[in-house]
Each structure stands twice: as structure tokens, then as C-alpha cells.
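Next come two complexes built around chain A: one with chain B, the other with chain C.
The block that comes next holds the complex of A and B.
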């Protein structure tokens, strides 16, 4: 299943056959096509429908950004993180405290949030010297440590009570106060990050990530500096989560550690799995599905996690490549192509 | 706070972690599966124990432990058969397996929330409220049970794995599946049995833990400390898991008391990371297979 879904790409140093190059181009084209379709839908639908859908769109955008970071880490490079919500939280607290505390403008706070989360990711990445399975448990532990720091370091974070009175976004003297403004800012961020990631994934670095995700030993044997790339991808994924986190308090108008629990890490993992692991569009689709579905289960809030759990198991059993993978297959059935598809 | 009392409660909690960790390690060794549902299986075991007490109010506590272990072991057997074995058999990758166990864990903890309710339940048995005097300090009445069960389980498991045919078969199929299967061991059954035993041990831990705290659907979260315990005692080693559990239990109780009680959960992981930095494969000899 593994070998089928993504053909193992070789690094640039090795000669590529024209068939392989064509396959790679076709893969890139598929990803760009998905990018255009998804971004169009996500830009247009909330703005056209307005009201509650705008709010949903704003939530989806935040989690889509975070899930994209996680997808690059877990889906592509195979570095499972069980504490992704921690980086979302680090981003959210960094941005809010800087904006509220010293009145830093939003863009600077956003950059700082990404940077802080990336640094935290780099710290966690030092643990890759623990062998595979220990590292997974350590990422879990990292999430718990950060959550406990957020809840207990009351003098800095306000503890369980949380932070209220989030200042409005201001960029170069123009304030963005309405939900439409916030949505547009989020979507610009999402579009830029998504586009950069698609580019990254089809370049040399992306191929190296994929090679590591499929077989670390093989990747090392063709001369990829595996550890450096692993640290790089963890830092990248964490930094992206931090940027997503900076938007969260502006949307919720409130910030508390309860948005960054172990369950939130889990939900983001479910997002990328249900959407389609190993595929960038899967992160966006998964974020949309897991945000929208609970809204239709309002009367069954206590069953939310149960539904997510069942969704996770069912999608793994029935749609091992997620919604995007299944869709991809459906299209390929009707549009036959030569060469290896994505 | 008195040091003796701290040490004692650390050891008691440590035994619970150790038991869950032992189950975690057993499953890892038998199937190469990092079972993140182990803590949730323990939680289900605690609730099954609760139901047994409600159904048969006169039953002695030791019988409740055994019955809960048996029922949970049967449940574990089914979970292994239907959820995990198909994926393990076709060689699914680690990330897939971890996500699958996480999914099963979510279903178990939220299923329990629906069956037994979201509120913590107090075991309706005298042992919950009893205290015994130990060196002039009152300690919960369940402590002697924990000590006794721990000793019995260590002896029992040792005997099972070194003296009985079945235990040897389980170890053989964990260490060298091909040779074991040539010798006539049914690998599928062996891994299901390992999982069932691990679930049973988890249930024992749950029933023993419930009188100290409560039985609640979130109880499975102590399973995460059991992971830390299993990891620092070398994954796959049962004695390592038990020792790791004691280290985590005592470490977090005393460390938490000395430094900051609110960071107790973090303590377990910091301890694990510190030990793994020095000994990357844990305290026991030999490392994990993968």
C-alpha cells in the first residue's frame, strides 16, 4: 500500500528516466490542480454564504494551516508527532502575549509566533536521537509538558482562566475588526503556505522528505542527510502550526489552554488520516470535514470524540488513502493516463 | 508531608503504572505494536470491576479483580482479532498502527462514557473507605492488595513465561516468529493471547487503582505515564516495565512534592527523556526490535 501510493523519488544527483520525470510532473500537476480547486472553494463558499459559514470557514482555515504542517511532518517525512497541539498553543500564546503585553503589531506577532513554535519544534527535534518508537512517546510527552506549562504558569499565561480582551488585528495602522477581515487574512496565510508547501514537496527537499518517510535506511544509503532533514521537517511543521495558532485567539476572542489538549493533537492526526495521509490536499479536506461534521452533530456533543474515533478506524479500514485518495482513484478511472500516477 | 508516606504512595501508584506498562511491553514484544489503547483498556477494566461489584455486592475484592481481569482479557482478545491482527498481518507501517490504536482508544474511552456515564464512579465497596495503620500513618486499605497482587503477578508471569509450554510458545513467537511457527505455534493465536493477557493485567491495574481515585472515562490518561515507564524500562521487557513503573511512580510523587505538584504529569516524561538520553534503549539490556 505504501509503495503504491507514492512512487519513491530519487534525489537529483541520480539520473532520472523521462518516464519518471513525466510521472513527477503529473504528480505535481495533480497537487496544483487540487490546490486551485480547494482554495477556490474555501475562498468563495464562506464569503458567499456568510454568517455562520464564514465562522466555519475561519475555523477550517486555521486548522487547515496546522494540519498542512502536520501532513508534511507525518504524511511525507514519516515523523509522527503526538503533540502537535502544543505548537499551536505556543504560537497562540506567543502572539497574544506580545500583542497584549507590549502592543506588538499583528504581523510581527505572527512572525514571532511562527518563530517561537519553530524553536520549540527544533528543541523537540533534538530528541530524534532516541530511536523511532521512543521518539513518538517523547513527542507525546512534549505535548503534555507544554500543556501543563500553559495551565500552571499562571503569571504568564493566566492559567485555566485564560486570556480575555484579545486586541484587534492592526496592520500598518489599518485595523481589521470584522470576521470577514479575519477570514481574508487567514485565507491569504493559508493560500501562501499551501502554495509554498506544494512547491517544496515537488522539489529536492520534498523528494528527500518522501524518501525518508518511506525508508530511512534507504534514504541514508543514497546520501540524504537523514537526521538534518528530520530535524528540518519537524521544525517546519511546528513553525507552521505556530502561525496557525496566532489566529486562533483572534477568532475565539479568548485564549485558554483547553484548546491545546492531547485531544486536539489527536484530532489533527485524524484530520490528515481521514483526508488522506501522505497527500497535502488531504490535510485541507480533513480539516474541513472534521470542522463541519461536529456542527451537524450539535445535539450529540458527547458523542463527538466517539464519532471521530469511529471515523478514524473506518477511514483506515475502508479508505486507506483517505477521502482525497479515493477521489483521486475515481478520477483516474475515468481519465486514463500513461506513466505512474500519483 | 512525611517521606515514608510519600514513598509509599509513590510505590503504590508506581505498581499501577508498572502493571499497565507490563501489558504495553508485552504487546509490543509480541506484535511490534505500540498500543496506545492500553490505558483505555485499563479504564474499561476498572469499569467492568465496578459493574461486577454492583451485580454481586457480596463478592470479595480479590474475586472482583480476577473476574474483571477475565472479562477484560476476553474483550482484549476480540479487539486484537478484529482491529489489530489484520493490520499487523499485512505489515501495515508503524504510523498506521499507532493511529489505529489511537482510534481504538478513543472509541473505548468514549464508549465507556456512554455506558457508564461521564461522572467518576466510586467503588461501592468497603475497601474504598478503609484505611489501615502503617507505621502510625493511615494509608488506603487497598495498598496491601496492590503489594500482594504485584508480587503474585511477578511470580506468576515469571513461572508462566519460563515454565509453561504456552508461555514459552508466546516468547518464541515474539522473538522468532518463523521458527516458532515451524515448531507448531499458531502465531495469530499467540499474539491474540498475548494481547488478552496484557488486557487482563491492565484490568487488574484498573481495579486496584479505582479505590485510590475513582473509575472515570478519563482514567485511561494514566496510560501515558505507563508508556513513559515502559520506555525507560526498555520496551518489550516485562521486568523493565515494572521497574520503570516504580521509578516513574516514586519519581513523580517525590519530585512533584519537592519541586511543583502541578507539574506531576510532566515529571514522568522529563524523567523518561533524561534516562533515555543517557541510555537510549532504556535501563534493561537489549533494545527494541525495530
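The block that comes next holds the complex of A and C.
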């Protein structure tokens, strides 16, 4: 096939092959670099600073996991969900009820939480038959239905009163009772899930997800079964939220439906937008920002949503690619990229 | 003559009251370049949508290598060896050139969602295989220098080539190119023509939807002409060029008792120079 000479590339543009090969996987390497930096910060800072920062770190870890799930769905595959908190809630209730009710060990409850949320996600994914905006509205409706079920099915969930007396985490006979223990368990989960998602992203299926998010017709034209993959990514994102949810009652020592309102779904969407949509690290950065900033605005609690609103507008106007996107751009300005033609 | 690779038998597609494709039959021989031409709105692109499976037919049969594929979903057709490009390039705007072409390798991969996350050796080999295929194809279309560039940095003509490379990554037996030369400069058009010839020499069959008459007449062994959704002619380029119905469809009727505009213009010009 190589006898062909196509006059489109001039000889001086031909690759210098060694530099070319090294630059080959720029995007994947960028993602791994961000992974290492963010995980290092998130592991070290809360443990080193301790106290309140440890608590903040524990909150961030939970929302970072959930936001990563949302990022894969919304940012990568373009399947907007307005009811993500519902899956967090399904995970939280599943884990708590299993642990408290039948004394299931934590790891089993964690797996069950992910599974239950994934099944619920698969059920919601059936709605993709609704086209465009109708699917998005239906995800909003799904979130509200789940919230209503949590508040009104009192015999199972305890309704508005919530669930108290969350049993401590126990894994293979070792109990994890302190906040440091909980933080470490959360961070292990976050690190593993984040790493798996980076791997997914730079593989056959992740590429197909991104293709669907960027141009559905083109993705179909190369033989990606779009509907199956859309359902797959919604199931995956929901399952990840369920896993995050399983940790929440252990941190709060209390479980009520008020952690899973449409408002919480919205905040997670703001997280991935402010952090940087379409980029996995954006989910983690956004989760950190939207957890830390309100803590310093305690005196203005009633204006919290106002602050979030302003942040969202400011980030969309000034940093349309989010904090991570802006940072990425800044780095590329100083580090000349190799192997770039045209 | 060998058995046709693609056959349309009385294929129709209706949009409400409009017959976008009306009872069209067409036979494409393997290892040939087949042109599908016609004035604007003739139903060429719709015909492509029907063959590639992007839209479903309202009637008739589509047959690939003797097997009816009329109701098949698009991904099954890609696996069977049909791939298409679009009139205006549909690419993945946030990816690098190589990533886009690797997306075209999708049907040749095995790893599923969990495989992509957990497999180590198998994933490494699959990614390396995809990467090698993409590199080879980009070399073939002449984009070796742009392999890691973000697609947004590429010119219109090069984007076309990326789209062709992506379609080739599915390893089609039958490649459908929708207005592949439109918007390209003459050098780029010649390059695309050369790519098409090389592919056919390698055993591929190509169907072109085209507006550029010279391009079509030079390349195609056989041409089918559509007008208002119906087939009005089918034959070799020279037959098509002299076909009364085709000339009428493109240029309108020659009207009796009217001085051609060309003569009027010439007369006016002469008048101007004499004065």
C-alpha cells in the first residue's frame, strides 16, 4: 500500500520517528499524570493536616467517586443525567439496610450498593428510547421518584426521620472505627475506581464512549452499537455513584433522604462543569472545590446556592473547559507539544 | 461478469409525502469504482444512508454478496464490510487524529468494558494493534506528520483524509464515499483520486456520490444517475455523458425557437467592440 505518494504532506513535515513515538500517547499520559498528582494531594494533605481537613478529605473522596461516575456518563459519553444523587441514595440505603438489617459485612454491602445502583441505572437507561431533551427530563423525573420513595417508604427507609446507629465498618474481623480508617478506605476505593476509569478511557470501549459523546452519527458509522453503549455507560456511572453512596452514612453517622435531593444532583453537575467537563480529573478537582469553598462560607449558608450559581456562570464564561482545562492549556503553552503537524 | 458485491432491488425511502428514493435498482460489481450522481436533492445521500443502514428502507431489498441485509443494524453491516464517509466530515472533535482512526478499529477489538479496565496484557496488545493499524492507515493517506495533532488543528482537506482513514480502519469491502472531493483543491482532489485507485487495485469496491463531474468521469467504470429520487440512467461514463435524460436533468431542455444565451452574449460583445 505504500507505493502511493500523496502530495499532501511535504517532505519536511515527515515525522522524526523517535520523537514521534515518544509523543504518541500524549492524552493518556496527561490523564495518568493528573491522576498521580491529584491522588498524591488528596492522600497526603488530609492525613498531614488532620482534624477538620481530614473530615473535608473524607467528604471530597465520596463526592469525587460519584462525580467520576457522572463525568464518564455526561462528560465523556454525553448522556446528561439530572438525577445522579438518586443513585448515591440507592447505594447508601442498600448498604446501610444490609449492614444494619442482616449484618452483612461491609465489603459485601459495598458491592451490593454498587450493584443495586447499577441495576437502577440500567432501568433508567431504558429511557434512552426517548430522544434528546426528553431523556434528560426523564432522568430528572427518575431522581425525584427515587427521592419520594426514600421519604415515603418509611417502613423500609425510616422516611424523613432517617436512619441512626450506622454500624461501624468491619472487614475480615478488623474494625475500622476512626475517621482516619474511613478516609483510608474511601481513598483506596477512589484511587482504584479512578485508575480503572483512566484505563477504560484509553481503551476500545472508552474510545467508543467518547466517540458517542462527540458525534453519535459518526460513532454509528464505524459500527459502534450506540444504544447498547449508552445503556452501558449509564449503568456504569450509576453503579459508581452507588459505591460512593455506601460510604456516606458511615461518614455522617446518619442517613436521611435529604442528602439525595435534585439539588444534590445539580451540585454534582456543577462539580464536573467547574472542574472541567470531558476530563476525568475535572471530576476530582470539582468535587474538591465544591466541598471546600462552602466550608469557608459558613456564615453565609443561606447564600450557598447563590455562590454555586455565580461559580457556575463564572466558570462557563471565563473557563469554559473548567479549572483542569485551563490548567492544561497553561501547561501546553510552556511545554511545546511534539509531533504536531499542520 | 462476476457476481455483484452490492445490489439494490427496487429500493424506496419515503419521508411523509416525499419519495426521497423511489424504486431504485442498481448493481455494483466487485473491485470497481461506481459513481452515483444526480442534481441536488436527487436522493444520492439518502441512498447512501439506506445502504449503510443509517436509515431504514420503506421498500425493496439491499443485497450484499448475495445475502439480503435490508433490515440489518448498522454495526452488523460494518462487520459485513460496508463503511461510509459523510458529505461534511463527521469527526470526533476532541480527539487526536490517531485516536479518531483507532475508533474505526472498534469492530476488530474484543475487549469489553471490564476487559478495558482489568485486562493488562490483552489490553496492551489490543491497543498496540489498533495503534499500528491507525499509524499504517494515516501513512497511507499521507497524514504521518499529523498523527498526534488534535483534529481541530487540521485543514478541511486533511479532515477528509482522516475520515477516509477512519472508514478504512473498519476494513471495509465496500466503501461508500459521500462527496469526497467537494471543498478540496485540485491537488487534494488528485490525491484522493489516487487513494481511491490504489484501494480498488487492492481489491476494494468503492461507490462515490459526487458533484465533480470530471472526477467521476475519470474514475468510475460505471455510473448510476438519480433525479428526484428515481434512477434515470445507468451505464459507462461515455454512455452517461451522451444520455439525453441526464443532459436534461442537469441542464434543462433545449428550447426551440430561442437564441441560446451564449449567442446573445456574443452578439452584445461584438456590438460593444464595434461601437
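By our rule, the second predicted complex is superposed on the first by the 314 of 342 C-alpha atoms of A that agree within 3 Å, B and C clash if a C-alpha of one lies under 4 Å from a C-alpha of the other, contacts with A are read in each partner's own complex, and residues count from 1 in each chain.
The rule we apply is simple: contacts are C-beta pairs under 8 Å (C-beta built on N, C-alpha and C of every residue); 3 or more make two chains touch, one makes a residue touch a chain.
Note that the structure is predicted; figures quoted are calculated from it, not measured.
S.K.: If we overlay the two complexes on their shared chain A, which of chain B and chain C does A:66 touch? Say first, second, both or neither.
M.R.: So A:66 meets neither chain B nor chain C here.
S.K.: So, does A:78 touch the first partner chain B, the second partner chain C, both, or neither?
M.R.: In the superposition, A:78 touches chain B alone.
S.K.: Go through the superposed model and pick first if A:113 touches only chain B, second if only chain C, both, or neither.
M.R.: Touch status of A:113: no partner.
S.K.: Who does A:141 touch here: chain B (first), chain C (second), both, or neither?
M.R.: It touches chain B, and chain C stays clear.
S.K.: Which residues form the common part of the chain A surface touched by chain B and by chain C?
M.R.: 1-2
S.K.: Over in the complex, which chain B residues touch chain A? Could you list them?
M.R.: Per the touch definition, chain B meets chain A at residues 28, 34, 83, 92-96, 98-100, 102-107, 109-111, 113-114, 118, 221, 224, 227-228, 231, 235, 260, 262-263, 265-266, 268-270, 272-273, 276-277, 280-281, 287-288, 290.
S.K.: Report the residues of chain C in contact with chain A in the complex, numbered from low to high.
M.R.: Residues in contact with chain A: 52, 54, 73-75, 77-79, 83-86, 90-96, 98-99, 102-107, 109, 111-113, 115-118, 123, 126-127, 130-131, 136, 139-149, 153-155, 157-158, 161, 166-167, 169-170, 187-188, 190-191, 194-195, 198, 202.
S.K.: Residues of chain A touching chain C in their complex?
M.R.: Within the complex, chain A contacts chain C at residues 1-4, 6-9, 13-15, 20, 23-24, 26-27, 196-197, 199-200, 202-208, 210-211, 214-215, 217-225, 232, 236, 278, 337-342.
S.K.: Touching residues of chain A toward chain B in the complex: what are they?
M.R.: Contacts found on chain A: 1-2, 74, 78, 80, 82, 127, 129-134, 136-138, 140-142, 144-145, 148-149, 151-152, 262, 266, 269-270, 273, 277, 302-303, 305-306, 308-310, 312-313, 316, 320.
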